[in-house]
Amino acid sequence: MVGHENEHRLGWLGTGRMGVEMARRLLGAGCDLAVYNRSSAKAEPLVRLGAKPVSTAAELAVRDIVFITVGSSDDLIRAVLGRDGLMSGPNGAAPRVLVDCSTVSTEASARIRAEIADRGTALLAAPVMGNPKVVRAGKMTAAVSGPRDAFVMAEPYLTMLGRGVTYVGEGEVARTVKLCHNLFLGVVAQSLAEITVLAEKSGISRQAFLACLNQSVMGSLFTGYKTPAYVNLDFEPTFTATLLRKDFDLGLAAAREHEVPMPVAAIVHQLIQGLVGRGYGDADFAALLQQQAESAGLALVSEHAEVPDGLDVTE
Amino acid sequence: MVGHENEHRLGWLGTGRMGVEMARRLLGAGCDLAVYNRSSAKAEPLVRLGAKPVSTAAELAVRDIVFITVGSSDDLIRAVLGRDGLMSGPNGAAPRVLVDCSTVSTEASARIRAEIADRGTALLAAPVMGNPKVVRAGKMTAAVSGPRDAFVMAEPYLTMLGRGVTYVGEGEVARTVKLCHNLFLGVVAQSLAEITVLAEKSGISRQAFLACLNQSVMGSLFTGYKTPAYVNLDFEPTFTATLLRKDFDLGLAAAREHEVPMPVAAIVHQLIQGLVGRGYGDADFAALLQQQAESAGLALVSEHAEVPDGLDVTE
Amino acid sequence: MVGHENEHRLGWLGTGRMGVEMARRLLGAGCDLAVYNRSSAKAEPLVRLGAKPVSTAAELAVRDIVFITVGSSDDLIRAVLGRDGLMSGPNGAAPRVLVDCSTVSTEASARIRAEIADRGTALLAAPVMGNPKVVRAGKMTAAVSGPRDAFVMAEPYLTMLGRGVTYVGEGEVARTVKLCHNLFLGVVAQSLAEITVLAEKSGISRQAFLACLNQSVMGSLFTGYKTPAYVNLDFEPTFTATLLRKDFDLGLAAAREHEVPMPVAAIVHQLIQGLVGRGYGDADFAALLQQQAESAGLALVSEHAEVPDGLDVTE
Amino acid sequence: MVGHENEHRLGWLGTGRMGVEMARRLLGAGCDLAVYNRSSAKAEPLVRLGAKPVSTAAELAVRDIVFITVGSSDDLIRAVLGRDGLMSGPNGAAPRVLVDCSTVSTEASARIRAEIADRGTALLAAPVMGNPKVVRAGKMTAAVSGPRDAFVMAEPYLTMLGRGVTYVGEGEVARTVKLCHNLFLGVVAQSLAEITVLAEKSGISRQAFLACLNQSVMGSLFTGYKTPAYVNLDFEPTFTATLLRKDFDLGLAAAREHEVPMPVAAIVHQLIQGLVGRGYGDADFAALLQQQAESAGLALVSEHAEVPDGLDVTE
């Protein structure tokens, strides 16, 4: 990335768990980065790494490219369009490109795209695939949609964030890609629960079974990093059942809008609903394994095994 | 593997498409290998690479370890226990270990295990995950079950076959692992069909969508090597819908025996049945995409794109 | 009903196919009934039976109880709250009770309930179970919700409409009962399709099979009156697949709101979506049989049989 | 039935709960009936009503038509073909027609049909729809298959058993009709559980909801007689979850054999499996309501309501 790092002045809006990990990578690559977070304490680790702190979102308006990671559609609208928001900068200053890496609704995304266009600012929808640990391991990816020239400008920095990004088209289509990804993730998690319980009731340890599966052509980073949860029954949330249900709500709504039947995703949606109903809403969605075992009459116990998650940072 | 390659005298029984690719790897590693196939022409490529041809299965009885890849349970029983079969060798000669890499029933496997034990021969059930192209790319894996000492003896050669094997326990349990693997494969293929059609109806090319997914944490060798079929609608069979249905029959029967509900696998079983009923029985199971598109009112056309399958042999 | 028929002055707003059949029953019982329909021609049959035609909805305001059957939530709001609508009557005149027998959203229902309360008018939500032919056969039923005293006042007339009505509680809950009813109807139709195709492929005529089922403890008026469609493949719509999909949309949205997993209804929702996708959207939902047969590789032909539908009017 | 009751001499083999209720109806119609049961005490009530007790199945061989109700395929084979069985009568005596009203496998049925044909005896497969209480209420039905002339001979007596029987064809096809019936029953029970829980969480009592549904076009004898269980949570078994699972095993096996996809029945099969896995195997299958409520986060309590089951004997 030599030569790129000083070309553009970058900003980061929202330094929660995901944002911190992602921004850290830009700093590691030598980028010029200003950061803003509502509660400034959360931006501290980045400031120690060389980021410039600013005290309002509006102060990021003078940056060329601003990345955003916030928690919800409403947060995004407030941070960008609200009072003291990013687009309220002095003298009509505005970034050339916003790169929104949050998971927000298509409607919120389209609204912001329209409103900032008047100021000459382009929006890239760039929802991220992966959790903070995946980002830290350098294995994050993103789907990106919006004006192609904006993508070309931002691509070098997006590439620094992980294993690479894919431009999927104009407008908000990257939002749909993210929803598809998460539908797939839920289906895979449930299928994994089914076969893992079958293997265990057949006399195979979860550790041996999942080791074999991970090594096979079916293994993915995802099946790998969920393996410790399935083997040792660690349902400490990385992504709660309730949040996954929300993504299934949105994904199936998109499918309905486009008139696409989704028999498997629909049944998994109901199983996740059942998981929430049985009291696992705040647990990690890996608790699908627990639900599956209960309905198979199997009492799970942790195998207390050392299992790799495939996300060790090797530097 | 220096030092190993001459330790044991190996045999290979059944050199169909899978067998040829697997045996080729042993020869490439310098092993001493005798080969037998009912139709000897199919063994020719291996003979050219240094394998010793024999004219009956019985002649393999003098080998230490014999690998088997045949088409069905009946073929296996005939090849091992039948007239002129492997166990009919002269003077009571018999291999110390049989490694059966075929996909056969648990019953056939258990029967052979019992009958050859009398002759002092151990059976390793070692069903393979991957198709011939996967083997050629060096990415095959296998679950292995049977006596642990037999596994220790065979492991160096099993390791030569691909990316490694996993010992999963005594008896026939590796058969169940294979069934679980194939249930998972079917579920993943159907979910992939659902989300790919949703992405396409949302305005994203299948190529861009699957590139993004393959790069993400959800990407696997499998999603990679099915991508050309999904993008270019190549349903030339690597594994037919009818064969996948058979594995679902067996997998769901195992689940029923062990009293494990499989809501997602069960619905996919019915969708595969529908695929067969609609006339796609002899097509590759990737035709699940076609069925899914039809029920979404979408007319698929090939994207005629150059897409990598992730299985290029890099030597 | 002696003694009742002249107690209250009744009105009917909206005399489409359902409304005509229902209102006809009140006239048959000797009620004093005024009728209004946007296109007055449709009210003619009722006028010939003694109904008093009026030329605006507002003129119905002087009636004690007004029944409504319109096509959609918007139609209902316009007819009741719009210019020249029912509540725009002269001198603040307003009926004491509105009985809405349409299938409308809970939101529309609640809005009207609130707005007419100011004028002292109570709303009964009374969605009807059954199609026009069911009404004509005297077998219609309804769930009713709203103020109990309004129900007591309207009950004698509601009872005249068919086989009886059930008071299910306050507010809009009758709307939910109707949605539940239609979810059940869709599930039953799909299950009927599955078993009818299984019976036929086993060598049993659809006529014999359904005759047997209808006579059994599982038989209902519904299974009876769909039998001619299933036997003779008459998919002339009584209720289209697209309309049934809409009711599943609403029913599953209600289930989601109340956090109730619906595994079977959800899969039927997707099958109905597939039916629409395959081009049967404007056919009767009985085309589920056709879809089921296609996925079973069975070419259906009409059995050209005389089959009763259980709805003959016997007077 | 004047004139019929003395035409043929009848026998009844197996007087368990179903058999007693059915045979009682023949006696009530004045038929000449001999009865046999392994444990003779169970036949006592019938003897008090005029039945002639015999002490071996073989003694029934002199009767013209013998009805059978036993518990399993093995019981049937033993009772008919075993030592001292029905076909071991003296001097080659054998009934002209056996009417088997049990639920047995197609294979057992076909075997008996073949073996008794040599003795000139015809078999009618006549599996019964309904439980003992349904029989007592006079509402039992049956599908009948076998030689048509045998059916013509037995029909008057079959008709006495309940609401009528349906001839569905040659051979064992009536067995398939019974399986289809029970698949339908399971699907309806699950769908009823889903919508009843939705109604309750929406604020409607189960009693009011089911009263409304039973009265509607969707109501059946079945939905009626399960209503007390759903309202008052009485899961005292009439038919256990484990037995229903067995019928689903057989029904889905028949569907697989005939290559008929059954998406809804398959998902219900898995839900019943889950019910068994969660410990409700010996409860009535109405416990599907309990499972559904648990996954909806709803704690059910009995409504302690007086609800009719529609099976009162009105004599």
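Chains: A, B, C and D, in written order; residue numbering restarts at 1 for each.
Quick note on the criterion: contacts are C-beta pairs under 8 Å (C-beta built on N, C-alpha and C of every residue); 3 or more make two chains touch, one makes a residue touch a chain.
These numbers were taken from a predicted model, which means no experiment stands behind them.
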Would you mind checking the shortest number of contact hops between chain A and chain C? 1
Do chain A and chain D face each other with the same patch, meaning over half of the contact numbers show up on both, or with different patches? same
Chain B turns onto chain C (C-alpha superposition, degrees, nearest 5) by 180
Most distant chain from chain B by Cα centroid: C
Separation of chain A from chain D, taking each centre as the mean of its C-alpha atoms, in whole Å: 55
Counting only Cα atoms for the centres, state how far chain C is from chain D in Å. 35
Residues of chain D that touch two or more other chains: which are they? 259-263, 267, 271, 273-274, 276-277, 295-298
For chain A, which residues count as touching chain C in their complex? 249, 256, 259-263, 266-267, 269-271, 273-274, 276-277
Which of the residues in chain C end up touching chain D in this complex? 129-130, 134, 139, 141, 143, 163-164, 166-169, 171, 173, 176-177, 180-181, 183-185, 187-188, 190-192, 194-199, 201-205, 208-209, 211-213, 215-223, 225, 251, 254-255, 258-265, 267-268, 271, 292, 295-298
Contact residues on chain C for chain B in the complex? 263, 267, 273-274, 276-279, 294-298
